[in-house]
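You will see two complexes here that share subunit A, one where it goes with subunit B and one where it goes with subunit C.
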Partner chain A sequence: MTYQPWTYRPPEGSPVGQRGLRRNDGLSKASGAALYTKDIKVGGMLYAKMLMSPYAHAIITNLDTTAAAALPGVVDILRWDDPDIAGQRSARLSDGNQKWLCLAGRTDHYNHQVGVAVVAKSEELCDRALRLLNVTWNQQTFYIADEDALAPGATPILTEVSPAPVNNVLNTTINTWGDVEAGFLASDRIIEFTYFRGDNLSACVEPASVVAEWRGEYLDMWVRQQNPTLIQQELALDMGIPIAKMDIRVTHQGGAFGGINWLPHYRQLAKIAAVLAKRVKQPVKLIFDEAKFQCANDDVGTYNIKIGVKNDGTIMAVSSDAIAMRCPLGKLRNGSKIPNIYQKSVWAANNRSHRQMFRHGTVETNGNQEVYSHVAGELGLDPTDVALLNDGFEGQDWAAMTAYQIANGFEQRQSLAEVLDVGKTAFGWAERWHLPGTRPLANGKMHGVGFNTTIKWSNGQAQKNVAMTVRDGKVQLLARTSDMGHDSPGNYARVVAAEMGMLYQDVTARTERDNGSFDYSAPGGSSGLVNTICNLVEVARDAKQQILALAVKDRTGGPFFPGKTVEELDIKDSMVFEIANPLNTKTVKEICNAFSVGGITQSPVFAHGTAPLVTIAKKYQCKHAAFVEVEVDTELGDIDVTKVTIVDDEGCVINPDACNGQQYGGVHMGVAKSRDEERVYDPQTGVWLNSDLIWYPVWTSLDCGPIDCHLIETHGGNTAYGCFGTGENTSALTSAITGDAFYNATGVRLDDFPTTPIRVLKALGKI
Partner chain B sequence: MKTIKAYSQHVNATTVAEATAALAKGTAMACAGGTDLLALLRFEVLPADKYPQGIVNLKTIPGLDYIKEESGFLKVGALTRLEDIAQSAVVQAKWAALSQAASRAASPHVRAMGTIGGNICQYIRCWYFRAADNRFNCKRKGGVCWARLGDNRFHSIFGSMQGCWAVNPSDIAPALVALNATIVTSSRQIAAESFWAVAGLASTVLNAGEIVTEVRVPVPATGTKSAFLKYAYRKSIDFPIVNVAAAISASDARICLNAVYNIPYRATAAENLVRGQPITPELAEAAGQAVIANATLLEGSGTHPGNNSNPGNAWKIQVAKILVKRTILACQ
Partner chain C sequence: MSEEEKKVPKTLSRREFLRDVGVAVSGTAVGSAFFLTASGKEVGAANAVTAVAPASAASSIALLGKPQPPPAPSAGVVSLTVNGKTYECAVENNTVLRDVLRDQIGLTSIKDMCTGYGACGSCAVIMNGRPILSCLALANECGGTVIETAEGMAKNNHPLIEAYIQNHCMQCGYCTPGLIVTAKALLDHIPHPTEAQIKEAISGNICRCGTYPAHVSAVLQVSTI
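== the complex of A and B ==
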């Protein structure tokens, strides 16, 4: 029998799935006491900031630091050509594998942090020193639009990147499944269109910063990072710092939906901080100016789509030819029966900003959105029916998935059917959906609804080490984790408590600790939980057995349960009890303390290890869907989002409150991005014009109608309990949904995102 | 975010005279709620030689925050917070446009700090003028207007004054013009419609050392109805893309737009159409059309359909037309 942890179910009455349990981080966050990286202060700490480029593309030809260095309180100035940093590279990308210079003597985009890092006794002194730098720049040709960078004869840019782009192409991705041309031939009709996605950014809550402190040859760092192991790995590989001599700590993370995990330039900051701290022989906090946070999303692009479809809505083939960082049809491949898919994306070098990836998954959920929306619109069908009709996986229909479920011990359920059932009922889809452009409202606006669905995507297994001890009656998880706002430590505690029979409050898991190599949750966040849940379950079960063994073990005065075997005992509510006589109980605390050597601090229980490897191929069974209602003011171009319903099939819900929180926040971000969020650049200089939260329209809580969140559980994940994670997927799902709703409201296509009033008025022919 | 650049003098004024004396040299800047000033300073918007050497805190002057109806006028102290105006039953009763304007200005948090005096004195809104680190030496700073050939989607639709295409963003200003208000300063009284100007960096006709002390709005004639409408990306917080205030009686009509020109734009053509006429949808439509008859289109220069670079200001002309129509209809 292969390892099938999805057949596990949480013990009845356990903390898994319970509402109302106090969050691990609730009190500290609600009271403002929770620490984020920028809050960290260590004794003797200095501050560091970097020069920001005023140009989109320029080379530093001269730099005079004399005045800055003379400013009292300035401790060090690191130039790009200093031997301590010169030539050092960083930033492995998940696509392309290019590496950028940590500290370059040239800039690739406006407000690029380049050239110089200043260390001083205060942030203010850093700013004053930076103002005193005398920098001479030689401006270069710049490209904001990818199409311009790719035009024949364009000037090569990003030439310092290694390997350098060829013809300003950073990477080309091509995927082929089936025979797309044959699929088009077998279709009743062909639908072709182009959709666009404007540049946007993360607008994450927390700015980037890093604290580095050397203690002799040991390096302690506080990082703002979803995946601290990446920092550790890169410092070890590129700077030769032994991993065993690094202590990488993470605090709470400020809501970036995974972006910082991949954000390569953060690794540059970490390296520079380590170098600076070593040079000045004091701890250094390197602060990135949050008002100029530059990294953007990975969905920007121009996507040329061709769809072949039968008249009943069965999609036979889809192709995408795009100028974009990523391809848009991967989730359609993993979550539909569409047999023939082709996608090609050319990732162009540009001078907007580096390394785009935030609210990850948006590219592919937008692909789903556009394909289903256009097919439904072209054929006059309900888009939810189109999605269900094409439901499947990897080009196969749901019957094939059912066979997979039977063969591998999964429940035989069709996630999308259940998601749609819950969502459509909650939203009132039957009453609200109508043919496009047919429902004027009494207020003069047009009523519309939009819909999107994709697979859920976090359900992998990671064989990370998990370790736990029991000291003074409390289970202590030994690990480093990164809390992205899901209350990750609390969620781990739920699982461990459930499997051991402990009370939730008797299991502790903390962020802000390194604990050596026990990276049981890296990356942090929902994917961290699902990646490691098998390990948590198996090791918790081991720990439980160790406790039960102690309960029957002989000792001075005799065993706690004389004459009993482990099999005759169990644990509930942190009490060991005799199954045949539940009133015969001893606390875990008294049993473990009795075997603790030298008082109560030594744990007699030490469980560690990883779960067996899941060997079957991972399939994406669980789906999610969003429904949005809008009122379109056709005179002003305004799309007013009046209601959103979202349903996530979590596989198994570990923490329903946290899941709802992720849904709510994600929808809010996603719909805002769909309607409003867009970076604007000055065409004359390449300067980012709306680089603050006045000009860049992140929505407040007053800008969206009610968001109605629902969860279901079909146990379809390839992890313990069949879990899927939830987080960024909710934002991605809704990030182009106003286009579909606008079409339903007006009967006019708007495939240019975000659907700002300007675009709406253009689409309607008003301007 | 950068720390604020050091300045050498901070005066907590206790009287209007003390404040005006401290401001008279023109090297210090006045601070009431601070919601505009602190952003200017923190982002280092101003040229280095215009960065203030001192800040004169007006909030410490007692007795300048009041709302009262007296002698045929609504009198609002310059330090009265926008939220207090929005919530005032006195204002709501007779000066609906002002109440609505105050309630739509900024966000709840900013309204709780921002004052009426500060709102009408705020600097222009232009992303070239406001770019951090004084990135663009724009017309108002002695250079050229970058918006004219740059991205001007939020800029003037009625041309430029002195070569500047920026707009005045005040929500309160058009209401005051429509309601025929008077701005009382430390040295004179100025009709609201004459209060704003292109004056170097500044957006008002105030002289060095002159501060606003009161806003005085006459009690409207019997039968007058007033209204204020604002259009912005976000309903909760944004500066206006266009806002309109109107006060219409059986015999008179005053209509003012803002965020469409360097200064609040009195829509006299529309007023002439509406004055003395019963308000109908057709009349309102015609008035909207009349307003934009003089609009100056800035063509977009975007070369790629998807990236929306520099779409021009045509959409604001459309928005202005519709908002004028709706504001007039709201005065029915």
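== the complex of A and C ==
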């Protein structure tokens, strides 16, 4: 029988979907007891920092460390050409085959950590030692603008990457579905435009650091990582450290959001820290203060879009030709009936910074935004109607999705229709939407509304071992995961408690430790629980059966439920009970303790494994949508965001409080990216001018009006209960939304993001 | 661009500057009127933020709002009463309070988000009843002060701790201790703040996860007790 975990439903009254349950991490975070890598202190620990390049692109031609080494308190200096680190590289995620030197003798961008790592007794001594270095730099040609790097005759850059880019092209991606030329021919109108997306940053709140300690041949590390297995894997494969002799501990993480945690620099840091700790024979904390400003968005670029559309709004073809890291139309492909799509993106080498999946998905949600907005504008249509008209999947209309749902046991729901129904009602769309540029306000500003919708992601299944025991009445999840702010331990506890019939507070998960590398999530962010939930459900059911088997098992004094079979029993509120006689109960605690060997510490229950593999092709059934209201000051260029409504079809809501929090926070960040956030470079030197929290405009409590969050459940995910991940989705969804709202307010297109006052005034022809 | 060999110009670090000129910078924040202004006056939501470096060390102590003994003339040992316990801490002229609290006393609630720029509020503590940014306070000018942190609030079962948990005021949690201290300072001064006052008060604390409305709910919940 085909495995169909989306047909599972959590038991009635279970913690799944329940509001008001206490966060597992609430007290530790409110009181400051929660530890982050920056807080870790190990006995005898030294500190390490690296040289930060003052140039966008330069080679170190001479490095004199004499004065630095002579500074009292400096313990070690590791140069890039030291055999202990020379040639060590780290792969980047999704960058093809390219690998980057962990410690290089040349810099790719301003503030790149290069050349040398200093180990000293304090952070301040590290800083002083770095200033005593006598460094001779040979400045090289640098390119901030991708177009300059790709121009004929451009100087090759990033040549130390392996394999090196050819003609300053790191990668080219091309996807073709259908026949766009035929689609354009079949269209009534052709719409062509270009949109731009500037640099913005993760601006993660916690400075990156990693702690490494060798105990003989065993390596302990404390990392700030969404996916600690990647570090383990690289240390094992590249440095020959046996996995069984590594204990990678994942602390809480400050403002991770993917991105920084995938950053190749982090894996490079881990390797350097391991080397340093081995050399000095003491624990080392390697600190990289500026890391939060080095992880930039993966949607920066110039996107040339062509759309073929019928007069009723049916989109026949879309093509994109971009200079960008990624292509923008993938989610349009997965979530619409548009039959013909072509996309090509050329990823240019540049000297801006590394970029990696920060609030990933933005490039494609921007693509959705721009396509629907331009089609609606061209035809004078409501963009929500355009989106619904083109709803479908992989070039097929929704009827095909309905057939897929019927064939595979899904509920027959059209997610987008339900999302729009809830969202438009909550937002007041009918009263607020109007034709572009037709609603001036009494305060002299122009009223506008914006909209975007895409598929939800992620709902993939990860084949990960899950393990749990029951000790002294508590289910203990043996896990390592990373805390991305969703209260992962609490969410896992909800699912396990639901499946086992245990009280939520009787399921514990201390997730920071390796525990033999049971990784509950890969990655640990928005998709972590979703990736793992099938495994949690199946293993929890196994654990429950083990408890019930103990309840009828013979023992000294007789079984707890004499004459009964497992099928006659169940568990509720951490009590085993007889189904036919619910007053006949025994606690899980007393049953398990009775079979615990040598006291209460040895669990008689040990359940582990993975779920069966989901074999049907994954389809993106669940959608989400955002609606924003703005007031545009056409004299000053300000766009005031006065209201936002977000609706997410989560498939199945595990933790509604956390989901709402992720929605709000995601929208807060996304709209900020749309309107304000950008990194500014000095074009003459390639220096970043706003790489700190004073000048980089992270939104505060005063920067946005109300954000109204709604959740619906259609159980359309290819996982247990049909759930989807959240958080990253909402940030990406709203990261270009002020552009659409500005157009509705003024009738003028602004396809240059972020929509800062200068860009607004330029679009209006005021400057 | 022509190839040139250059040496990196030596620059004065911020700490070297502070050490050499012996100037104490009072706690100010970008974006919030609630953190202490140089005037030392009671701060309300309508007040504008000013960032002023006081003319002398003595006047900087006076800015903390209550009469203080003269500061120690040089580096040495400062006495700090933190969460009800007194510590004698060895400091240098350029040691900031944040580092003493974290590194010597071991209080991990005091975070370092903006690397000492005074931009984020994550290092906020309450000193002599006023919220300050500990990354901008020189430790040797804080001698004899009474300091409260999130750890102390938890130890004393301050109702904000439970309200924060109930209202899900945390996601990654990195900003949470700084925010809860700011919230306490607000309630200490304005026991029944409006929503606007709360938002203004916490606007000097950056939360990248966007938990702001939860903090408003938590403060309102406590303010009605």
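Keep in mind that, in the parts below, the second predicted complex is superposed on the first by the 761 of 767 C-alpha atoms of A that agree within 3 Å, B and C clash if a C-alpha of one lies under 4 Å from a C-alpha of the other, contacts with A are read in each partner's own complex, and residues count from 1 in each chain.
In this text, contacts are C-beta pairs under 8 Å (C-beta built on N, C-alpha and C of every residue); 3 or more make two chains touch, one makes a residue touch a chain.
Not measured: the values here are computed from a predicted model.
J.: Thinking of the overlay built on chain A, is A:Pro54 touched by subunit B (first), by subunit C (second), by both, or by neither?
T.: After superposition on chain A, A:Pro54 lies in contact with both partners, subunit B and subunit C.
J.: Which partner does A:Leu702 contact after superposing on A: first (subunit B), second (subunit C), both, neither?
T.: both
J.: Contact-wise, after the overlay, does A:Ala430 reach subunit B, subunit C, both or neither (first, second, both, neither)?
T.: Neither partner.
J.: Does subunit B (first) or subunit C (second) touch A:His252, or do both, or does neither?
T.: second
J.: For A:Gly661, decide between first (touching subunit B), second (touching subunit C), both and neither.
T.: The second partner, subunit C, only.
J.: Touch check for A:Glu124: first (subunit B), second (subunit C), both, or neither?
T.: Both subunit B and subunit C are touched by A:Glu124.
J.: Considering only touches as defined above, state whether A:Asp692 meets subunit B (first), subunit C (second), both or neither.
T.: both
J.: For A:Val135, using the defined touch cut-off, is the partner it touches subunit B, subunit C, both, or neither? Pick first, second, both or neither.
T.: It touches subunit C, and subunit B stays clear.
J.: After superposition on the shared chain, which partner residues are touched by A:Val597: those of subunit B (first), subunit C (second), both, or neither?
T.: In the superposed model, A:Val597 contacts neither subunit B nor subunit C.
J.: Would you mind listing the overlap between the subunit B footprint and the subunit C footprint on subunit A?
T.: Residues 54, 124, 127, 131, 289, 692, 694, 699-702, which sit in both footprints.
J.: Quick check: in the complex, which residue numbers of subunit B touch subunit A?
T.: Touching subunit A from subunit B are residues 1-3, 5-6, 39, 43, 107, 127-128, 131-133, 135-136, 146, 149-151, 153, 231, 233-239, 241, 301-311, 314-315, 317-319, 322-323.
J.: In the complex, go through subunit C and note every residue touching subunit A.
T.: So the residues of subunit C in touch with subunit A come to 1, 3-8, 10, 13, 15, 30-32, 102, 106-115, 117, 119-120, 122, 149-151, 153-154, 160-161, 164-166, 168-177, 180, 199-200, 202-216.
J.: Subunit B touches which residues of subunit A in the complex?
T.: On the subunit A side, the touching residues are 52, 54, 123-124, 127-128, 131, 144-145, 147-148, 194, 196-199, 289-292, 301-302, 635-638, 676, 678, 680-685, 687, 689-692, 694-695, 697, 699-703, 752, 756-759, 761-762, 766-767.
J.: In the complex, go through subunit A and note every residue touching subunit C.
T.: 20, 22-23, 25-36, 38-39, 41, 54, 61, 124, 127, 131, 134-142, 203-207, 252-257, 289, 483-486, 657-658, 661-662, 664-669, 692-694, 698-702, 707
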